[in-house]
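Report on the structure given below.
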Amino acid sequence: MELINVAIAGATGYSGEELIRLLIRHPGIELACVTSRGNAGLRLEEVFPKFQGHKYSALKFSASEPAEIVASGAKVAFLALPHGAAASFASALLKAGLRVIDLSADFRIRDPAVYKDFYGQDHPAPELLLESVYGIPELYRAQLRTAQLVASAGCYPTSITLPLHPLLKGRLIDPASIVVSSMSGVSGAGRNVAADYLYVECNENARPYGVPKHRHLAEIEQELSAAAGERVVINFTPHLIPVTRGILSTIYAMPHPGVDAGAISAALETAYGDEIFVRLQGDHGTVELKNVAWSNFLDIAWRHDPRTGRVILMSAEDNLVKGAAGQAVQNMNIMCGWPETTGL
Amino acid sequence: MELINVAIAGATGYSGEELIRLLIRHPGIELACVTSRGNAGLRLEEVFPKFQGHKYSALKFSASEPAEIVASGAKVAFLALPHGAAASFASALLKAGLRVIDLSADFRIRDPAVYKDFYGQDHPAPELLLESVYGIPELYRAQLRTAQLVASAGCYPTSITLPLHPLLKGRLIDPASIVVSSMSGVSGAGRNVAADYLYVECNENARPYGVPKHRHLAEIEQELSAAAGERVVINFTPHLIPVTRGILSTIYAMPHPGVDAGAISAALETAYGDEIFVRLQGDHGTVELKNVAWSNFLDIAWRHDPRTGRVILMSAEDNLVKGAAGQAVQNMNIMCGWPETTGL
Amino acid sequence: MELINVAIAGATGYSGEELIRLLIRHPGIELACVTSRGNAGLRLEEVFPKFQGHKYSALKFSASEPAEIVASGAKVAFLALPHGAAASFASALLKAGLRVIDLSADFRIRDPAVYKDFYGQDHPAPELLLESVYGIPELYRAQLRTAQLVASAGCYPTSITLPLHPLLKGRLIDPASIVVSSMSGVSGAGRNVAADYLYVECNENARPYGVPKHRHLAEIEQELSAAAGERVVINFTPHLIPVTRGILSTIYAMPHPGVDAGAISAALETAYGDEIFVRLQGDHGTVELKNVAWSNFLDIAWRHDPRTGRVILMSAEDNLVKGAAGQAVQNMNIMCGWPETTGL
Amino acid sequence: MELINVAIAGATGYSGEELIRLLIRHPGIELACVTSRGNAGLRLEEVFPKFQGHKYSALKFSASEPAEIVASGAKVAFLALPHGAAASFASALLKAGLRVIDLSADFRIRDPAVYKDFYGQDHPAPELLLESVYGIPELYRAQLRTAQLVASAGCYPTSITLPLHPLLKGRLIDPASIVVSSMSGVSGAGRNVAADYLYVECNENARPYGVPKHRHLAEIEQELSAAAGERVVINFTPHLIPVTRGILSTIYAMPHPGVDAGAISAALETAYGDEIFVRLQGDHGTVELKNVAWSNFLDIAWRHDPRTGRVILMSAEDNLVKGAAGQAVQNMNIMCGWPETTGL
């Protein structure tokens, strides 16, 4: 196939670095531009010695400007920028005719009031909110094909929304009963040079954070509400654990009266039985971070507990792949009409 | 004070090793006997080079027989044995007049039918079940003073029972609403030479296990039911995470109508405000494994979530200390009339 | 290109598992047979859930018999077996006309007396020793092209031999002055279910082992002697560190009088300047495990210390890739006439 | 015994934090003052939640000024400050009559020219250099008893100097032959909020640094030269490994002609056989970080390699205890005439 030029804005964060790793081996694209605020002018291999000897190792970082991306001839731009900055890049790039895949939270929330509630500021480009497509391929594949602006879904939301979506859509569980405990590797905090993320502070440690109103709740509840056809409000507690990569979510919900274990399994099988990147482990299997690390898979296992009546869903993904860069590439593959697994 | 001879049966497991560490610096006791099936005849420092240069480094392991313990003149025996074996030692030692602190599950369950349900075998010494005192000092201090047989509480149960107890006792939360997600360090599995616990299998990994009916549910629900005055059945999901030490539990419950955040805080303050080893972090504080590692503290923080109405309780402890050896020593201190912090 | 059937004997160890990971994406081969003593009859995805959804996930493990491999139509067999067992498989497979790439130590030592000295037993197939080619492509590329039996080099030897080879061959350093300290991730011990490799024993720990006569010295000194044209005897101390993957070697040697820093750099540049999998970081760069993890690269940096006169060479590789499975695939690529990077 | 008031300047770094941990249980002192540039006014338990419920938890950090320390009535001051700052504090505190135990490098180097060579600046208080006593108790116990200013030895130097000292003093090894490879846990870098020490950058990684002229060489060579009676110049390569605590050094040296293995062992036994904090593991034993973690022990094992003739010495210590805070407390115990193990 003909190669398409792509760009990565903010290519020195962990999501950007992972995008580079994946795009190096993607047969459909030419990496035309990588931007960085702090490393403009340096070669990729200087900033990331691990990319020495790879394609693009001599590619130089451009300044962090939309104009640089446009000038590179890129047709698709990945934005791995902080929220706020991403919106500004997206506006400029869309105007210049590029298709944009944003990995930040900027275009995930359709309601500007919810955005302001969770992110503490007015949305920088509210006119783009309705145009954007929420980037979980398993839920929005049709819309992604023609999307100009994709809000690639976040790491926690992907791990929580996918298991719950078919159960809410099928009215199988009580939305008010949902409780989620997740644990994430430290790369989820980004390349954030803060004392909290030092090796000595994270090693041999674990801790909850963002309790009870973590920002990712905004998009999780938006998508669960869309599935349920009613407003869904849940409890969600993220925890930081000492691994580099991975998110594991354990989800509790009460089935509606009369819904049995078989109906739960059937709903999940129907929804994801044909999905290549969602691997159903069934009601006897399990999930582990090591099974999904470095891959674009989301694993889901579940149990019905006859003692309490609840269903327990467990999911695992690599937060940098299915939770970030891999999903973004999967979205691109759909947008470009390529097989969804290309480069993944 | 006069020194009391004590013994440890099963001193080469992780709980036994931790008991040695704590008893080395305990001013009230003389470590008279340590038993081991595999290392009888070896000196403590041969099996554990880290104990070289410490008191007792030349103490030799005895064969794993109750008679060895009796012969040592021990007045108190810690049992760090597998369940089943512990019951048999306890019977013999109690008959010989020793006081026994059992770290296994053998005497934690008062109802032999529940024991059989969760442990898959008939209880080996049912006549002792009613005699034993459940070894959480903060709940059973009075009974511990005169106890001959203490069933020192397990790691998960301690981290879950203590936060919930005052809320159930005060009828502040709906027992049917309780959901618990816990994560444990790998030492919680004991010195278990199995592929699942190899470094390469645990490092950069995390996984749920024992879903939905982990054995510790038996004692957790027994104690929660006692507090609530009614049968309590909960969801509890343990997870293995790559740290050596520590348990972190995140607990969700729905307050009864009319119960506000202040009542939750007040109940916890009333219950534990004067407890030295329970540190309340309040409704703005947090818990982290690193704050409790190598100590006998249990930290508890909590939040009321106005969005869902639930209360979230978070607790952290060192599974080998407050979750095992430290709590056992705390129990001994109470039994012997010593200050509870002695040696801790 | 036409697909060639290949087999992996002993596919459930860490090297075998890594071979599967690499061969899944190798465009030149068809994985026709994987053998296992303990898991015969199970599908690949049952033993390794991470391989679900991949090519070959339904491939069943065969019994650990050379006949199974021959029956599969394999033209090339990788042996990821314990030493001793490997020799017996190799004999049978070579007789059946297969080409064999052995990852064990069985055919690395040309002198049966040295084998016996280091491995404590007579060599099981001495007649094959002279036929085998030592599998470091950068040193034996020409011979590998037509080799029937390749003794793919070990993890420590690769990380030590490659940096030293050009300096010894050029008579730039005193062979008697060589001292090497290496550190290895725990996967280097294989999937060895022993107490020493439990998570709790390896985490927050590091230790030397095999001092002063580790088995890998046999092949290291053999190859260094070949380069130097004289018998070379060195000090080598391996250390276990708490990472899953990676070997880092730090090597000290005294240049011969009159040899300056420039000559050292020139020799390394001449030897490896055109090698794709050896990345020279020069006398100002450095090496880190994270730069080579999951890749087939060996990174080398060096310094001349004017204070002592010594040269310090530092190398890093992934022990499971360039130190095992990756190098084996690189050897296969050469044997089959494919580009050396195929599948890597 | 009567309590002596002590102070810690710079109590929020890792060495300062460890000093607090040790001094909390030291029966001879009263912690009268802890200083901090960034946390003045906060209580100890606010900065370090782990110290809640301990003695001194309500002690407030003072401003980082010598006057604050003097005003506290402290008779002994520990300086856990950056080099440069330490010298300035020391001058002021000595003038005020305090005894000073400095954990920085400021007073370890007797020759101001060497200080300038390694630290890149003129020594800030050269007149104090000759007055200071190098704080390794096993080497300078007599002088420490009356010292006013102690330069408590660093982590790498302690682990390297102690094993080599008796061999050089006894003229058993060739000083020109010494090569040292060490590995350190990340806490050795201090609470240094820099990208290099982030969890994600250190986990699953290892790397050499400071090659070939690490600053600690200055004090190592000074002390080795004093032992040898001649100028000693060595190779020393430190490596960062993913553990929180611990230093492991592997040391190579060539015995002088005629010196046999027995003489090496005898020299070490003579030097340290009676030392409580140096544990000799002999020529068959080994060293591991886990055996010394959280303790003030330095373990030493050794081998004579008949193949090369070299002796290999291996040592392990906790870099925060015997390599920093523990050794400082040991020094204080000697200065105050207390048993050396007090509080350790």
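Going by the order they are written in, the chains are A, B, C and D; count residues from 1 in each one.
Here, contacts are C-beta pairs under 8 Å (C-beta built on N, C-alpha and C of every residue); 3 or more make two chains touch, one makes a residue touch a chain.
As the structure is a prediction and not an experimental result, all values here were calculated from the model.
Visitor: Which chain's mean C-alpha position is the greatest distance from subunit A's?
Guide: Relative to subunit A, the chain whose C-alpha centre sits farthest away is D.
Visitor: Sharing more than half its contact pairs with A-D, counted by residue number, which one of A-B, C-D or B-C qualifies?
Guide: B-C
Visitor: State, to the nearest whole Å, the distance from the C-alpha centre of subunit B to the C-alpha centre of subunit C.
Guide: 46
Visitor: State, to the nearest whole Å, the distance from the C-alpha centre of subunit A to the C-alpha centre of subunit B.
Guide: Here the centre of subunit B sits 39 Å away from the centre of subunit A.
Visitor: Taking each chain's centre as the mean of its CA atoms, how far is subunit A from subunit C in angstrom?
Guide: The computed centroid separation for subunit A versus subunit C comes out at 37 Å.
Visitor: Would you please write down the residue numbers of subunit B that are in contact with two or more other chains?
Guide: 201, 204, 242-244, 288, 290, 293
Visitor: Taking the complex as given, what residues does subunit A use to touch subunit B?
Guide: That would be residues 176, 179, 181, 183, 201, 204-209, 211-213, 233-235, 237, 239, 241-246, 248, 250, 252, 286-290, 293, 303, 305, 307-308, 310, 312, 314, 316 of subunit A.
Visitor: Looking at the complex, which residues from subunit B come into contact with subunit C?
Guide: Touch residues, subunit B against subunit C: 14, 186-187, 191-195, 197-204, 242-244.
Visitor: Can you tell me which positions in subunit B touch subunit D when the two form their complex?
Guide: Against subunit D, subunit B makes touches at 49-50, 52-53, 204, 276-277, 279, 281, 285, 288, 290-295, 297, 299.
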